[in-house]
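What follows is subunit A paired twice: with subunit B in the first complex and subunit C in the second.
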Partner chain A sequence: MDSVFVHRNQESAPPSKGALAGLRVAIQPNISVVGWPTEAGSRALARYRAVEDATVVRRLRAAGARLCGSTRMSEFGFGLKGSRAGESVAGREADAELVLDLMGECRAAGLRVGVCAYKPSYGLVSRQGIVGLIPSMECCGIVSESLDVVRRVLATIAGPDEFDFSLPEEPPPDFAPAACRPASTVGVLAEARAALPEAEKTVFESALEGLERAGFSLRELTLPDFPLFPLVHGIVGSVEASSSAGRYDSVRYGLRAPGAGNWNDMYLASRREAFGTVVKSYLLQGAFFQFERFASYEDACRIRARLISGMDLLLGQVDLLALPAPGSEPSDGRLREVCAPYAGAMFANVTGQPVLCLPAAAPGGGGIQLAGARRGDARVLEAGERIMNLLRRD
Partner chain B sequence: MEFEAVIGLEIHVELNSATKLFCDCPNRPGDEPNRNTCPTCLWFPGAAPRLGRAPLEKAALLSLGLGGELQPRSAFDQKVYYYPDLPKGYQLSQARLPLSRGGGIEITDEAGERKTLRIHHIHMEEDVARLVHQVEGRTPVSLVDFNRAGAPLVEIVTEPDFRSPFEAMEFLKALRTRVRYVGASDCSMDNGTMRVDANISIRPRGSGELGTKVEVKNMNSVRHVGDAIAYEIDRQRALVEAGEAVVLHTRLWDPDRKATLPMRGKFEGPCVPDPSVPVIDLSPEWIGRMRERLPEMPAARTARMAAAYGLSDEEARFLCAEVEVADYFEAVAREGVAPRLAMHWIATQLLPALKERKLDPGRSPVGPVRLAALLGMLAREEVNAGAAREVLLEMFDSDEAPEAIVGARGLTQQSDAGQLEALADQVLSQHPEAVQDIRRGQGKAIGFLIGQVMQASGGRANPRVIRELLHRKLSIGDEPG
Partner chain C sequence: MPFSQRVFCGELTPGDAGRSVQLAGWVDAFRDHGGLLFIHLRDRSGIIQVVFSPEIASAGVCRRAAGLRAEYCIAVTGEIRKRLEGTENPGIETGEIEVMASGLTVLSESDTLPFVLSDKAMTAGAPSARREAVSEELRLEYRYLDLRRAPMRDNLIARHRIFQCVRRFLDSRGFIEIETPILTMSTPEGARDYLVPSRVHPGNFYALPQSPQLFKQLLMIGGMERYFQLARCFRDEDLRPNRQPEFTQLDLEASFVDEEFLYGLIEELTVEMFAVGGIELPRPFPRMTYEEAMETTGSDRPDLRFGLRFVDVTDVFPGTGYAIFRRIIDAGGSIKGINVRGQSGRLSKNVLQNEYAKEVVPSFGGRGMTWMRAEGGRLDSNIVQFFKAEELDALRRKFEVADGDVLILIADASPRAVTSVLGQLRLHLAERLGLIPEGVFSPVWITEFPLFEATGDGGVTSSHHPFTAPDRTDFDPKNVEELLSLRSRAYDLVMNGEELGGGSIRISDRDLQRKIFAALGLDDRETREKFGFFLRAFDFGAPPHGGLALGMDRTVSMILGTPSIREVIAFPKNRSAACPMTGAPAQVKREQLAELGLLASAGTEPMRGTRERENLVDRLSWVARIGVDADERPAVEEALAWAEEMAAASARHAGMEEPVHTVAPVANRMRPGDEARRSELAETGKLLESAPEVKEGYFKVAAILE
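After this line comes the complex of A and B, so read on.
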C-alpha cells in the first residue's frame, strides 16, 4: 500500500510564533514549495521541483504553521483516484490539509475520512504557485477536524496577492463568527432532492432534521436549471483544462517520450504517455468542444452566468442552502463514472460560492453540504460550528 | 477582365516598455540568452501572469496615436498552438475583446489623392521565445532563448482598404512615424520590432465581393512588403486568368527569389478566455490622462511648424516625418537661428552626414545648440558657407565649440574689402579672357572669377564682398594691366 505522504518535510521545526503557531499543515504536491517535488500527481510533471513558493505556502509559514509534507494526489487533483487526501488529518499526522477542489474532491475527501472539508469562495485564496487544471473553477480547499482550524487557516491564506492579479483587490471579509449575522434560514433545492438516489434520500432527510433541531428554519426552493450545473462544468471546465494543459508539453520538464523524429511527434508521443486515461479523456472532451463545438462552449459560458445569478437570487431569499453530500467514486472508473458522484457538488465550482461539507451530519454517517453566498464564508462557517456543537452533544 | 487587388495588413509592433507584458523582467530581447527570465515568462507551472502598467500605457498611447478608440473593457485569451518557441502551448492574446477599435491613417495615393486607410482594431499579445538552430558535433539541436518570451506586442489589424502595394508602403511609413512620435517602439522591420503580414485577394474591378485571400509573411523591409504584394497580385491574376481557383493559405516571401512560396499550415483554433488574467477595465479618467500624454502628432505638428516658422507645407512635412528631426529643428530655431537657414542646413548637411555615419538624429554628436552656434556665425558672416560645412564635419569628431574650430583652423571669414581687393586685382589680371567674356555680356563668367578669388583666399573670403568688389571693378572699367 502506498503511503499517505509522497514527500515529508524533514527540516526540524523551530518554535514558531503567529496565528498558526505549531499547527501542522499537510499540502498536496500541486502546491509549490521550493525544492519539493511538485508533480501534481502527473507524469507530465515528472521530476519537476518548484522554483518558487506558492503564496499560500508563504502565508502559512509566516503565520507559524509547520508544513509537514505533501500527500498522494490524483492526476492534477481531478477526481480522487489514487488520492490519499484527508488521511493525514484522519491519521492525526496533520491538523489541516489543503486539498484542491475542482468539482468537489476536497469535500468528498473530507467525507471519506469523516472530517470537515471546506471550499472557500472563489477569488479569496491566491492561485499563484498552484499547479491546476481548471483555472476558473478550482480552489484550494481545507480539510480539518475542527472548523476553528479551518477558519484560522482560511484567514491566513485568504486575501489579495501581489502575485495573483486575478484576486479582487478588496481585503477579505472578517471570518470571525461575531462578524456576521448568523444564518437562520436554510433553503433546500427541490431539484437537488429529486436527483438523489432512493437510498440516499433518507440520509439527506435526517440530516435536514438535524438542521431543524439546531434551530434553522428550512424552506423549499426551486432552481429548475440545477441539472445544468454538471453540463456547464463538463463543457467549460474541460475546455479550460484542454487549453491550459497546453503548458504540460514535455519541452521544459516532465516525461518526454524517446525516439520522436520531430517536434510534432514528440508532443504527440509525450502527451500520449504522460497523461492518465481520465485526464486524457477530459482533455479530449475539452478539445472537442473548443475545436468542433465552440458554439456549445459559448452557450455554456452564457448559461454559467445565468446559473450564477440564479444562485444569487436564491441566496437573497435564504441565508444558506443545504445540499446532499457528494457520493463516492468507484475505485476504477472512466471519465463519466469519475464525474458522476460530483453531480451535486459541481455547482459551487461553477458559481464560485463557498461550501462546507460536514460528515456525520445525520445519524448513520451521511454528510451534508452547506453553501453560502460568494464571500459569505463567515456565515457558512458559523452555521457549521453550531451544527457540529449540536452533533457533539447528541 | 480587369482586376483590382483587395489588401489588408496585420502589423505586429514590439513595444519598447522597460518591462515585459506579464512580469517585471527587463524587456531586452537582445541580451545574453535567457538572462531576462523568471518563472512567469519561462511559463513554469503555477506561475501567474501579472499584466504590467508600463506595457499597457504604451499600447494605449500607440492606439490613441493611430486614432483608435480605447475600449472600456478588454481581456486576454489563450490562443492555443504547439511549437517549441511557446512551451506552454498557448499565447495570451486579446482575441475577442481588443484594447482599441477603429482608427486609421491618411495617405496620398499614386494619383495624388488623399485617402484614409482604416484600422479595424488593435490588440495586445505576448511575444514567444526565440529558437536558435545549431549543430553540436553532427547533431542538429534547437535552443530556446526566453529573453523575448512575454515581450509586449501590439497587433494592428487594418480593414481591407488597400488597393495597391504603394498604398501599403505609404501606410507603413506613416504608421512608423506615428508610433515613433508616441515613443512606443522604433518600428524597425530590420531588427524585427515591426513585422508585417499582408492578406491579399483579387476581384473583378467594380465587384463588391471579396475573393479568396492569401496571407503573405516574412517581409523584412517596407520595400519587401510592396514587392511581395505586387508579386502575389500577379500570381493570383495569372491563376484566375488560367481558370484556376485561388486557395486559402499562407505564403512566405523569399527576398532572394523575389517570389512568395507556400508554407505549411499552422494549427489554430478558437481562443478561450484566461481567468488567470483579470479583464482590463479602463475608466474614462484613465483614458483622458492617456490622451493628455499623447504628444503632438505629425499632421498637427506639420501645420503648426509651417505656420510658426514660415516653412512650406513640403518643408514642414519633411521635418516632421521623424519626431527626432522635428525636435532637432525646433531646438535649433529656439537658439535664434533663422528657420529657413536651420531647415536648409538640417536637410542638406546634417542628415546626410548622420546617415553616412549610420547615426539617428536623436543621437547626433552635433547637438542642436552646437549647430545653432555654427549657423549663428554663418549668419553674422564670421564664417562663409563652404568653411561652415567643413567645420560641421569636424564637429562630428570633436567636442569643441564651432568658434574654437574656426579659430584653430583659421577659417574666419575675410570681409575686409581692402584685403580682398588685392586678391581680386590679382585674379582679374590672371584671367583677361574671363574679363572679356563679361564685357561681351556673358554674365556667367562672374561666378568663375568669384571662385578664383575664393580659392586665393584659402576659402575664407566673404563671397558677398567679392561679388560686390568685382561688380564695382568691372563696371567702372578699371581695366587691369
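After this line comes the complex of A and C, so read on.
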C-alpha cells in the first residue's frame, strides 16, 4: 500500500515561537511550498515543484507551526479516490492537516478516520498558491482531533491577502468562543432527512439525540429547494473547473505528449494523457455547459442565489443547522458515483457556509454536519466543542 | 394614444408656451422630488423636461410615472410652459421650457442597461451621469442602444446629410444613380474576394464586388454617359485598425470627359461635402506629381498641413572629405535632408544623437543619420570637423538656415531608402514637435503615377489596374525599361495624409488595351479567359471615359473628426472583422455546407473541426482540447448524458433571481506596486524549471500554425 505522505519535510525543526509553536501541520501536495513536489495528484502537474510559498504556508510558518509533509491526494482533490487525507492526523503524525474541500472531501476525510473536519466560511482563507479547481466553491479545510487546534489554525491562516484577488477585504471575525453568542437552537432540514436511505436514518437520529443531550433545542425546518444543491454544484463547479483547467497546457508544467506536429495536436494529446477519466468527464461536462447549453450556467447561478437567500432565512430562525454527514465513496467509479456521496455536503460549497463535521455526536453514533451562517465560524466551533466535551464526559 | 398629433421634443421653443402637445420617446433620466417627478424625455430630435405634478396629472398618471426607469419608451401629453426663473437648464436646447404632463402611456419597458446612455445633466451645473468610458466591444454588442446616444445619432444624421449632398450635387450635374450587382464575378482589384457559393451550380462561386469597376465602365459603353452610385464594396483584407471588410464608396464614371472635368467636379463636390461639417476648403486644390510627392515628402499621400519638405543636397558633396558620404555618392546614392525650423531647443545634441541617430532612424530602416544644429551663425554637429567650409555654406544656402534650425540628413546608396526613411521621420517629427495645426485641411491631387511597377522576375505589373490609360501610346510593350517610364492618367485625392479616393481616365481603344495586356505578359487566350466579356464590349464603339471612387466612410469620418470610421457606420464590424451583436461570422450547419457542395470541394479531408462536430464527445473533446481515449468514452458519454439532465433541470428550476457568481464580495485587488515589472521568477529562470520543454530561456511549444 502507498504511504500516507508523498513528501516529508526532512529539515530539522528549529525551536519556534508563536501561536502555533510546535504544532505539526500536514498539507496536501496542492499547496505550494517552495521546492516541494506540488503535483496536486495530477499528471497535468507531473514533476512540478512549487516556486513560491502559498499564503497559508507563510502564515503557518510565521506562527511557529512545523509543516511535516504532504499527503497522497486524489486528482486535484476532487473526490477521495487514492487520497490518504486525514490519516496523518489519525496516525498521530500531524496535529492538523489542511485538506481542500471542493464538494465535501475534507469532511468526508475526517469522518473516514474518525476525527473532526472543518470547512471554514468561503472568503476567509486565501487560495493564493493553492492548486484549485472550483474557485467560487473550494475552500481549504482543516482536519484535527482537537477543535481548539482547528480554531488556532483557522485564526492563523484567515484574513485578507493582497495576493489573492478574489478574497474580500473583510477583516476576519474573532474566532474565540467568547466572541459569539453561543448557539442554542439547531434546525434540521426535513428535505435532508428525507433524502437519507433508511439505514442511515437511525444513525442520524441518534446523532440528533446527542445534540439534544448537549442542550440544543431542535427545530424541524424546510427548504424545498434543498435537493437542488447538487445540481447547482454540478453545473457551476464543472464550468469553473473546465476554465481553471485551461492552464494545463503542457507548456509551463506537466506532461508533454511527444510527437505533436502543431499546437492543437499538442493540446489534445497532452491533455488526453494529463487528466484521469473522472476529472476528464467533469471537465467535458463543463465544456458541454459552456459550448452547448450556455444558459444552464446562468440558470444555475440564479438557483444559487435562491439557495443562498433560502439558507440565510433559515439561519435567521435558528442558530445552526444539523445535517447528515457525507457518505463514503466507492473505491472506483465514474463521475456520477464519485459525486453521489457528497450530495448532502455540497450545500456548504454552494453557499460558502462554515461546516463542522463531527465523526460522532453521540457515543457510538454516526457523524453529523453542523453548519452556521457565513462568517459565523466562532459559533459553529463553540457548539462543536460543547458536543465534544459531552462525549468525552460520557 | 394615437401618434398623429405627435411633435418632436427638440423642436419645441419658448414660443410654444401654453400649447398642448403629444410627445413620444425614451426616458433619458429621471429625478424624484417627493411627489414631483421630473424626467428628460428624448426622441431623435432632442431632449425636453417633462414634469409630473399631482396638481395637474391624475393620481394614476403620477403612480405610473413613479415607476418609470431609464430608457422606458413612453408617450406623454401635456402643456408647454416656461420654466421658473433660475431653473433653466442651458445643457439642453429646450432648457427654458418644460412639459406639464397630463397623460402618460408606457409603450414598452426597458431592462437594466448594459451601460449608461444619458449624458445630459438634469439641472444646470450638475455633473452628467456618464462618467466612465464604455468599451467599444460592449457598444457594438448593444449597438441599437449606442445609437440612442447623441454622438452616434448626430454622426449618422450628418452622414445622411453628406450622402444627400452628394446625390443632389451629382443629380444637378446630370449624373444618374444606377445599382450594380452584389453577386458578381471576381474583379481584378488586387485584394481577396469574399466568395458566395452557388447552390444551383455546385462548386461555383459568386464574388462580392471589391468595387463596381467593370460594371461602371460597361455603363459608359452602354451609353449612360454619367453614372454614380453610393456602392457597398467588399474586401477580404488582413485586419488593419481603420478598415472594414465592407465599406461604402462613391463610385462615379463619366464619358467624353478629361482630367480637368473630373478635377473640377470632384473639387466642387468635396467642398460641398466638407461644408456640411462646417469646413471651408479653398479651391483649386493644389496638384503634385507622384514623383514630386515622393521626392519631397517620401509619400504618395503627403500630409501638407506642415512643411519639412526634403531638400536634395547630393550635389553639395561631390568631392567631400567625409568618407561615408563619398562612398554613398560613388555608389550612385543620394543625400537628402529636412530643415526642422526653430526646434534646436527641443532637439538637443543628446536627443539627436542618442535617440534619433541610434534608435528612431534605425527603427525606420535607416542605416545612419547626420544632424546639424544652427547656433551663433554656424552649423554645429558631432562630425562637423569632417566638412569643408564651402560645403557647410552650401548647406546653409540650400536649407535657408537660420539660428535655432536643426538639419537632419539621410544618406544611402539607395535613393529609395533615403526618401522612405525621411518620409517616416517627417511624420514622426511633425507629430512629436506638434507641427500639425488643428482644424486645417490640406487637399492635394497626386497625379502622373507610374503606369507599371517592376515585378521580381523582370516583368511588369499594373500599379493601378490594367484599364488605366497611359500618358502616351507609342511605347514598345516588350521594352521593360520604357514601360517603367510610362506615367498613367490616374489621380488620387489626398487630404491631410489620407487617401480619400482615386481614379483614372480609362483605356477606350481596343488596340491600346491589347498592347497593355501584351506588356503585362498576358496573351490573347489568357486575357479572354480573365476579362473576355469585358473586352468584348470594347469591340462595339466604346466612348472615352474616366471616373473616380471616394471612400465615403473615411471622408465622413474626416469631416466629423471621429477617431475611427466605425463611429460613422451604424453597424460596423469590430477590429477583428466580426460583429459582436450578431456574432457574424459564424459557423453553419454541416448540412448547409453539404447542400452547397462545400464539403466535397474542400478536398478529401473535411475542414478541421467539422468532422468532430458530428459527435458530441468529439465536438467537446475538440473545443476543450482534451483527447478522449476509446476506453474512456463510455464514462464520458455517461457524464454528458447526466450533464444534459442537469441542463434541463436548471432550465426548469431557474427563477428570476439575479445570478450569483461568488458568495463573498469581490475585492478587485490590484497587485501591489504601480509599475509593470518582470517577475523575479522569470528573471532567475525558476519559472522554467518545471516546464516539459525549454529552449534558450523560453517555453518551447509546437508550431501554432499548421
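Observations
Convention: the second predicted complex is superposed on the first by the 390 of 394 C-alpha atoms of A that agree within 3 Å, B and C clash if a C-alpha of one lies under 4 Å from a C-alpha of the other, contacts with A are read in each partner's own complex, and residues count from 1 in each chain.
Note that a residue touches a chain if its C-beta (ideal position, glycine included) is under 8 Å from a C-beta of that chain, and two chains touch if they have at least 3 such contacts.
Source: prediction; values computed, not measured.
Annotation for the three-chain superposition on subunit A: subunit B and subunit C clash. With both structures placed on the common chain, the touch criterion links A:G327 to neither subunit B nor subunit C. Look at A:R252: by the touch rule set out above, it reaches both subunit B and subunit C. Once the two complexes are overlaid on the shared chain, A:G159 sits clear of subunit B and of subunit C alike. By the document's definition of touching, neither partner reaches A:G372: not subunit B, not subunit C.
In the superposed model, A:P29 makes contact with neither subunit B nor subunit C.
By the touch criterion defined above, A:S243 reaches subunit B but does not reach subunit C. Of the two partner chains, subunit C is the only one that A:A305 touches; subunit B does not reach it. One of subunit B and subunit C touches more residues of subunit A, and that partner is C.
Contacts of A:T277 after superposition on the shared chain: subunit C is touched, whereas subunit B is not. When the two structures are aligned on the shared chain, A:F291 is found in touch with subunit B and with subunit C. Taking chain A as the common frame, subunit B overlaps subunit C at a single listed stretch, which among 171-179, 297-305, 423-431 or 441-449 is 171-179. Where the contact sets of subunit A with subunit B and with subunit C meet, they give residues 48, 51-52, 136, 162-166, 251-253, 263-264, 267, 291.
Per the touch definition, subunit A reaches subunit B in the complex via residues 30, 32, 38, 40, 45, 48, 50-52, 54, 127-132, 135-136, 162-166, 239-240, 243-249, 251-253, 263-264, 267, 290-291, 294, 297.
Subunit C meets subunit A in the complex at residues 608, 616-617, 619-629, 632, 635-636, 638-640, 642-644, 646-647, 649-651, 653-669, 671-672, 681, 686-687, 689-693, 699, 701-706. Per the touch definition, subunit B reaches subunit A in the complex via residues 39, 42-51, 78, 80, 82-84, 87-90, 144, 269-270, 272, 274-278.
Those residues of subunit A whose C-beta lies close enough to touch subunit C in the complex are 47-49, 51-52, 122-123, 136, 160, 162-170, 225, 228, 231-232, 234-235, 238, 242, 250-256, 260-269, 271-273, 275, 277-278, 280-289, 291-293, 295-296, 298-306, 308-309, 334-336, 351-352, 374.
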